[in-house]
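First comes the structure, then the notes that go with it.
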Amino acid sequence: MAHVLGQNQYGKAENRIVRVRRDSARHEIKDLNVSVALQGEFEDVHLTGSNANCLPTDSTKNTVYAFAKQYGIESAESFAALLARHFVEHTERGVVHCARVRVEEYGWERIGAADSGDTGHSFVRSGQEVRTTEVVYDGDRFRVISGLKDLVVMNTTDSEFWGFLKDRYTTLQEAYDRILATQVTARWAFGFHGRDGQQQPAWDRSYQEVRRHLLEAFADTYSYSLQQTLHAMGTRVLNHRAEVDEIRLELPNKHHFLVDLAPFGLKNENEVYYAADRMYGLIEGTVHREGVVPVIPVS
Amino acid sequence: MAHVLGQNQYGKAENRIVRVRRDSARHEIKDLNVSVALQGEFEDVHLTGSNANCLPTDSTKNTVYAFAKQYGIESAESFAALLARHFVEHTERGVVHCARVRVEEYGWERIGAADSGDTGHSFVRSGQEVRTTEVVYDGDRFRVISGLKDLVVMNTTDSEFWGFLKDRYTTLQEAYDRILATQVTARWAFGFHGRDGQQQPAWDRSYQEVRRHLLEAFADTYSYSLQQTLHAMGTRVLNHRAEVDEIRLELPNKHHFLVDLAPFGLKNENEVYYAADRMYGLIEGTVHREGVVPVIPVS
Amino acid sequence: MAHVLGQNQYGKAENRIVRVRRDSARHEIKDLNVSVALQGEFEDVHLTGSNANCLPTDSTKNTVYAFAKQYGIESAESFAALLARHFVEHTERGVVHCARVRVEEYGWERIGAADSGDTGHSFVRSGQEVRTTEVVYDGDRFRVISGLKDLVVMNTTDSEFWGFLKDRYTTLQEAYDRILATQVTARWAFGFHGRDGQQQPAWDRSYQEVRRHLLEAFADTYSYSLQQTLHAMGTRVLNHRAEVDEIRLELPNKHHFLVDLAPFGLKNENEVYYAADRMYGLIEGTVHREGVVPVIPVS
Amino acid sequence: MAHVLGQNQYGKAENRIVRVRRDSARHEIKDLNVSVALQGEFEDVHLTGSNANCLPTDSTKNTVYAFAKQYGIESAESFAALLARHFVEHTERGVVHCARVRVEEYGWERIGAADSGDTGHSFVRSGQEVRTTEVVYDGDRFRVISGLKDLVVMNTTDSEFWGFLKDRYTTLQEAYDRILATQVTARWAFGFHGRDGQQQPAWDRSYQEVRRHLLEAFADTYSYSLQQTLHAMGTRVLNHRAEVDEIRLELPNKHHFLVDLAPFGLKNENEVYYAADRMYGLIEGTVHREGVVPVIPVS
């Protein structure tokens, strides 16, 4: 009975790169984690032990670093697109048919910039979210899905949860004023495909704006469920950012339970909470423009 | 311009449960991490703030614990199937159309069992791989994908890598005797669908055998690339386990670099290696039976 | 041959607590992780199985939450001091002789505060450093050691390393312009002991200032070694903060290696770096005022 | 006001090394993580920027790898002792006065060894505990503290907790049959000092035996508190292993809470537990021989 080699890909993952622009005394830095995955004519590599079509993962790593020097890193997305196109269009004999480049970007702020000037070369890592992108190029078109993860947010009021479906395993009490906290993972897909001379969006500006709308929608929404908040966050982004066609959010409900202080003769007036680890509710959903075929996969 | 609510799901994630069977002085335990995700008629929850169709994630959690008492935990797969079917078939007004239950299982061994007898109630956690499963039920059929992660293996010889494609960014030297080490993540899909009275496989036995074949294929394969080893591992499982239709492996190449000792007047005869963290090669691939439509998604 | 029960302590660790002040529509939050450890007359608990002197760890947890309601959380240090004093002075029959309370504090910023006003109840977690404190009370005096961890900083220039000792295992090249990056762990001890009516320092203000001086010293120091930078950071704090008697820094040298691009015909002019994980240099040291007996232990 | 440079040390941390012995087709491996810390005449390095006394951390790393080739790795302890002695006795001009070498060791098992023979070169990582050691040499004597961490154990019965001290914050119910589970961190100090020709213990054998006694004492002890179990574990080791003078255990109480199933009409007869993450009880204590001065520090 024959077996078939199905989807397969390979490349160097988690290439940690820091790129410094030293055009002036005021340095600029990009701090990325770049992962390359190549698809193509790799049957022999798997089946016969011949590596004639196998560009070493080490070479894909070298390419990342060399490109950082040759082209600089304008943004995570543009850098990933440059790499993906290279692997498909310039690998020998056309053995690479499709390349996926994923990037994590870590943010840095200047030390002292706020009040007293700064050295121009001293930075402190901004520990908030990690920015992400995934660029796929198949020789014809690009597909770009950007996002963020580990952005932790909390509303201390304006959140309720009641009127829910009750079955025989339901013991939850209705809540009319609860903490709503979550650790946002978001991914959004762009209309950009890069054919026919289509220009790339202003990626960094786009990112900052999407992030801002996510935060503001979270803050502004009076919430009757985390699902409702999720939907409000997604639609806010689509309403304000024309370059985005689809957005998917994964929102763990980071439960903050009111501590029962009655045994100690105290009344807990929504002041003292226990922040739980696990289990947690997990709310996931996609919002997209009408007529667009969603492309962001379920995790 | 209208926006559409796309794929969405919710439930309680990471319900940590330990189930003890105390039928005799020789206790049996199952240690699971269970995550529930429900799909169905949840538009109103997102759009209007009405929770009338929203079974609380807390109730899904309660169901996990109650079922563990009522039905016991025969295996991760059978328990997940029981839960998935329940949510679809017994949630009020049929608002749940599809349920996905994921489980991680942690292994335990008896203390002292090897030499001198044991207490029957004392266990030490086996720290090797974590066993995984994902069961989806849509009201008509089941889809079961089981697997494992964090199984770390190493061959200290019988691995080469040479004859590869060289481009202008290639500096890698050919290797004729190298360490091959990886941290196996594997997922395999079963032919089981549960319709027409189809019986469930013997899940625990199946797991042990798949695991054994993965290890043995890794050990026995003289390797010219990690891709080749991947393929050998996948086909070995398909050859021996009729209940498995498809298997996907994700194999990070945990690089062990020979340390250059020449500056110290020493010759490193494949004896001293530096075990690197990042970057690492990442090799992924599916092997499936002919005629089967692959269902295991790319990560 | 007799065995002796030596140092022992116990308590509830990692009590995760969020305290909301809702005095106005503009809420204030404190987000802490509180760990309690009690020393005292616990021989019987260990030796005879009698728990008559054993206040349950669960009770120490309850006390943390009750105190948060009763007294609020002015600062991590003052809250820890309140708890430590309570356990020593108010546990029945005086069985607790010494209490240690450790706190981690997680920072939050208001969403939208910078530009357009904010809701007053919406926050985003500041992911930078974690603030720490350890307060010990033995019935007579307090000892307070505060600190921070996970503060990641980088200078892209003004760092050299040369003229070092060379032995037969030395292959390192001298560096005249290198990246200097580290993840700061700092602990500093206060002169505060709390006897004779001695007032507590303004803990939150003190923390912000110490943190600022650490950052500024890192940024301003032209460095010939990470040791030199460490010393500059420590002395800067002692010079500016009279309430601090001693400071200890643990500075992993987060190596950023210049990538050799010569094989690709490129010259790397301090622009492209590989950020390594392990191994890493680790530089640790204490600076203290003359005449002070150092109390911060080596990790 | 003068400031004083206090305790300081530096070196290369987390050198990951795999050493293969290939004397026959049946290879042997040691998988270590080695961290070096040197103390000595380093004032100038901190104060003046002169690195004349500073052996680069890179050189300490090179020494680790070179020694692995030159001397092999008989055991974690003997290898650490070799390194520590070298840094103190052979660094130029005697600038190193004291060296501390810490090692983590990761265990591996042969694949297939149990049933059907094995390849002799194929291994699977044993994921249980990590073995640890710390060797300090000051030019006169050695101090060796070995240990383990991440060893997770569970008793499903034979554990009670009642008769405890009750204060106004006590709400805990007495328990007459509970799960007792913990993640063992243990460190034990040896009588070995290495002076006057004193021979080293058989380190690997010693480790296996200490580990066995810890597990068996945990299993065999009918427990009225985790403190009591801790004491039983410590004394068992001292009773059986003459080379050990002192042992310290850190035992987090990994709470397994009985789930209340009464709302669902079910009775939980010690069968269904929720495994909690945080908060957790933390029990720590030292047991040592009479007349011995304890040296293992509190964490």
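Here the chain labels run A, B, C and D in written order, and each chain numbers its own residues starting at 1.
Methods note: a residue touches a chain if its C-beta (ideal position, glycine included) is under 8 Å from a C-beta of that chain, and two chains touch if they have at least 3 such contacts.
Being a predicted model, the structure only gives us computed values, none of them experimental.
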Joint neighbours of chain C and chain A, given as chain labels: B, D
Per Cα centroids, the chain farthest from chain D: A
Pair exhibiting more inter-chain C-beta contacts, A-B or B-D: A-B
Inter-centroid spacing, chain C versus chain B (mean Cα positions, whole Å): 38
Centroid spacing, where centroids are CA-atom means, of chain A and chain B in whole angstrom: 24
Rounded Å distance between chain B and chain D, as computed from the means of their C-alpha atoms: 30
Junction residues of chain B, two or more chains touched: 15-16, 62, 66, 169, 171, 263-264, 277-278
Pairwise touch network: line, ring, star, complete, or other: complete
Complex interface listing, chain B residues touching chain D: 15-22, 27, 29, 31, 62, 65-66, 68-70, 108, 111-112, 118-119, 121-129, 150-158, 179, 215-216, 218-220, 256, 259, 261, 263-264, 266, 268-277
Parts of chain C lying in touch with chain B, wherever the complex brings them together: 168-169, 171, 263-264, 277-278
Of all residues in chain B, those that touch chain A in their complex: 1-16, 35, 37, 42, 45-47, 49-63, 66, 90-92, 95, 161-167, 169-172, 224-225, 227-228, 230-231, 234-235, 238-239, 246, 248, 252-253, 278-290, 294, 297-298
